[in-house]
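First subunit A sits with subunit B, and in the next complex the same chain sits with subunit C.
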Partner chain A sequence: MGDRPGGHVPGEFLHLPGHSPVHRLPAHVKIVAAFLTIVVIVLTPPTPAWVFMAYTVVVVGVVALSGIGPATVLRRMRVEIPFVAFAVLLPFVGQGQRIPIGPLELSEPGLLAAWNILAKATLTLLVSVTLASTTSATDLVAGLQRLRVPDLLVQIVSAMVRYVHVVSQEWSRMSRARAARGFTARGPRSWWVLGQSVGTLFIRSYERGERVHLAMVSRGYSGRLPVLTTTTAGPAEWARALTVPVVIGVISLIPLIAAAGTFAGGAS
Partner chain B sequence: MTAVEVSGLGYTYPDGTVALQGVDLTVAHGERVAVLGPNGAGKTTLMLHLNGLIQAQVGRVAIEGTEVDDQSVRAIRHRVGLVFQDPDDQLFMPSVRDDVAFGPANAGLSPDEVARRVEGALGLVGMADVADRPPHHLSLGQRRRVAIATVLAMDPAVLVLDEPSSNLDPAARREVADTLLGLNRTTVMVTHDLPYALQLCPRSVILSAGRIVADGPTADILVDSDLLAQHRLELPHGFDPASVSGR
Partner chain C sequence: MHIPDGFIDAPVSLAAAAVAVGGVAVCLRGARRTLDERTAPLAGLVAVFVFAAQMINFPVGAGTSGHLIGAALAVILVGPYAGILAVSVVLAVQALLFADGGLLALGLNVVNLALIAGGVGWLVFRGWTRFVGSGRGSALAAAWSAGFLSVLGAVGGFLVEFALGGVAPVSLSAVIAAMFSVHVVIGAIEGVITALIVGAVMSTRPDLVAGLRAPRRAAHPQRAAA
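And now, the complex of A and B:
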């Protein structure tokens, strides 16, 4: 049981409490700023490379401002590894013109696609890591509610934040009970047992869901979560947070404007 | 006016299991009553009737003179506070403060009033200092006291608790008991923890196989070993109710 207060808590482990300017911004402001930043980064054409270098300077600047240690950031960036592996494959399997690099002949569109994936994934992940590290899960849920994200979605996220710990503990108790009776997960023969455990966990969680619903209804729940947060953001906070997507957006426009200048008279 | 009036209550689950048959129970204002009974006696089913989560199939349930029906059920839920056995079922919001605020906010109270209720309720159970923590950071005893606060914040006329002592260590058990004794409110406590019933409730009823089979002072019921044995109730080894002063 989760009887020890202050232990390692899944669902909260990404949040690093702090008092940096990034931490202090209201959650809904940070969510909007992070979302816009990510949209601009993803929509940027893969060339020229200096645009992405400029983005990196801005995003790394925000990370530095938030006071999260570089080691922590790098550790959290590890979720990108599968995408990196996929991107590294592209120059080898890609079609189109091949260019010699050292002893290898690599596909040029493949290289471009790999660079595109790597640069965008890394930058957007960096933005997400910063958001998750400086905002508690509770505040994120409240922020989504504040932004009028459909209530049902907010309730689902909220329930997940609350119960991921309960369900994962239930799973680890079941694993321990299996191991205590000599079970080791090895080979396809163990799949049947694991499948049964997953099924049991599902039914237990489903029944818990029913009990939680009863508890909610008994306190007057009628389909909507009451809005309990009173966090508001002033123009100064919005301005501070939106600086990031605005700067990124302006940088993204520079090559387009330059191109329009080159084809003077043509572009609108 | 009586706080709780249950008369001739019967309930059969859709699968045919008969949970309650002809239950009569009257609880006066300010009374603390323990509903004792073995597992499967229908205790939880009875509890769910008290604030209309289940509505009477046979008989009637009235709270402060108002019969529980489709019209009154929303108001009744604010008059009867249910504390469930597992605090993880009861505490579903991401922070203690939000959870305690849930009931009052659903009642449509102003934000100031909701905040006042939250402070008041957490203060009553001695948990004011954990208001901003997520429930899963608390010990089971703390979570149970917060669960009690979530219904106290609704200022209910009747408090209904399902096995408030289950799985608690002795210190947490005593802290929850102290909390409940300090509340001075009409309480119905469902339990099979007989010493706890003796400590907290001057009066007890035994619910067995869907019927009330005994009703009287807790001290008298607990010394009737034949009665207890007939209904699968047992005192802990070495516990002598005659040597303990109830409250």
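And now, the complex of A and C:
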């Protein structure tokens, strides 16, 4: 990193560069669409399984459209594992009526909740992974700006994504230096050394922050950053992105309308 | 570990998001008052530090390792406003760019891991060093307690959210018992790591430990930024 400290904005993170229709949408449009999709999925009552099947078709369709490979998507969904474990336990520890399934007596509400958590957590995580994989850090910062996130907060996010590689490379240099002196992290006895290193990493990060500030001031910074790029979204782009939450929303309404229909039919 | 979407129902998630927005707004105002226009680069670099520090594994033995959550550490080192802001930004970036923690659940995670953990960490460290003593040993004990209680505070926040909007039919007392027994250990480790790091910073740059500075010297940069 030494040659280009903060000189370029790394576009990495989960982002996989591409030219799919999902990649091409402006970041703020994608954030809004992803958020609305997630809200609708989370609001859906747990019972009708086919609703979640239909959601899966839509969400997997968007993933396919974005061109992220299935292996990459699965690898990125590992963060769900602890919650899958919790969900799998629910039928065993859940309260309420027990129903026999094979040799086991499982809690019926537990099964329902496990299914509900798994379906919702998996679908919403797919949405998040798609957003993260198709949006670069730079675009994200521009997107937050467009969404009227307070300027100071946008600047903090921007400083963070700009320097995250600088600081992590600082840490790998320190790790290499420790290894060169024969250190291997093994057991709690190595914590003292690691703690010293992290303390040093903090001091270096903080002092870098001070230097960055002075460099910004010397270039005329007075608390606001100039807006260099404006990402605009036309009605066509909004319409394309919002198709996803709208379709999901319509699907979620079908069982409610059907239920109302049966009720009305029964009453007449 | 961040709460994913679908684990807590939508109304509670949205209510938490409102609380998170309010808390972050207070911190933005506070940080601007104490750091003025140095806020963005400093809080940004502190966020990078917290993010990096969370990825560092502290081996526990038997193939397992712990890592820092970092809210107590951040507030002890840079004060409550910039510290909570930095952790909140880390959580937002993790949700948006790493799909770690849900988008709708971001408010829940900010409330637990930034506002509660940071607030508890700051009050404990500040209270301890003010009323018990601010020598090196006392400050390290305060850092341990701040780390430990910040984790239990975050768990407490999660349990309240789970009681209000959890979608699982398990007895709340079982969840409380399980969560606290696991997190007493996690909190103890968080405390040790926090104390070690605060100790390391105290030996080289004690002036950087915001929790040990005399209170209310706002708007005066602590040292000429050079």
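We adopt the following convention: the second predicted complex is superposed on the first by the 250 of 268 C-alpha atoms of A that agree within 3 Å, B and C clash if a C-alpha of one lies under 4 Å from a C-alpha of the other, contacts with A are read in each partner's own complex, and residues count from 1 in each chain.
Quick note on the criterion: a residue touches a chain if its C-beta (ideal position, glycine included) is under 8 Å from a C-beta of that chain, and two chains touch if they have at least 3 such contacts.
Here the structure is a predicted model, which is why all the values come from computation and not from measurement.
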Of the partners subunit B and subunit C, which touch A:A71 in the superposed model: first, second, both, neither?
neither
Based on the superposed arrangement, let me know which partner A:I81 touches: subunit B (first), subunit C (second), both, or neither?
neither
Taking the superposition on A as described, I'd like to know which of subunit B and subunit C A:T138 touches: first, second, both or neither.
first
Residues of subunit A touched by subunit B versus by subunit C: which partner has the larger set?
C
Kindly classify A:V212 by the partners it touches after superposition: subunit B alone (first), subunit C alone (second), both, or neither?
both
Which holds for A:V161: it touches subunit B only (first), subunit C only (second), both, or neither?
both
Given the touch rule stated above, what does A:A236 touch, subunit B (first), subunit C (second), both, or neither?
neither
Name the contact category of A:S222: first (subunit B only), second (subunit C only), both, or neither.
both
Counting only touches as set out at the top, which of subunit B and subunit C does A:G96 meet: first, second, both, neither?
second
Return first, second, both or neither, reflecting whether A:A180 touches subunit B, subunit C, both chains, or no partner chain.
neither
Would you tell me the residues on subunit A in contact with subunit B in one complex that are also in contact with subunit C in the other?
137, 158-159, 161-163, 166, 208, 212, 214, 216-217, 221-222, 225
Flag every residue of subunit A that touches subunit B in the complex, lowest number first.
1-6, 9, 11-12, 137-138, 141-142, 158-159, 161-163, 165-166, 208, 211-212, 214-222, 225-228, 230
Counting only contacts in the complex, subunit B reaches subunit A at residues 48, 51, 53, 74, 77-78, 81-82, 84, 86, 88-95, 97-98, 101-103, 105-107, 111, 114, 134-140, 142, 150-151, 154, 167
For the subunit C and subunit A complex, residues of the former touching the latter:
1-2, 4-7, 9-10, 13, 24-25, 28, 31-32, 36-49, 51-53, 55-61, 68, 77-78, 85-86, 89-90, 92-93, 95-104, 167-171, 174, 192-193, 196-201, 203-205, 208, 225-226
Of subunit A, residues touching subunit C in the complex
13-15, 31, 34-35, 38-39, 41-43, 46, 76-77, 79-80, 82-83, 86, 90, 93-96, 107, 109-110, 112-114, 116-117, 119-121, 123-125, 127-129, 131-132, 135, 137, 140, 150, 152-153, 155-164, 166-168, 171, 185-188, 190-192, 194-196, 198-203, 205-206, 208-210, 212-214, 216-217, 221-223, 225
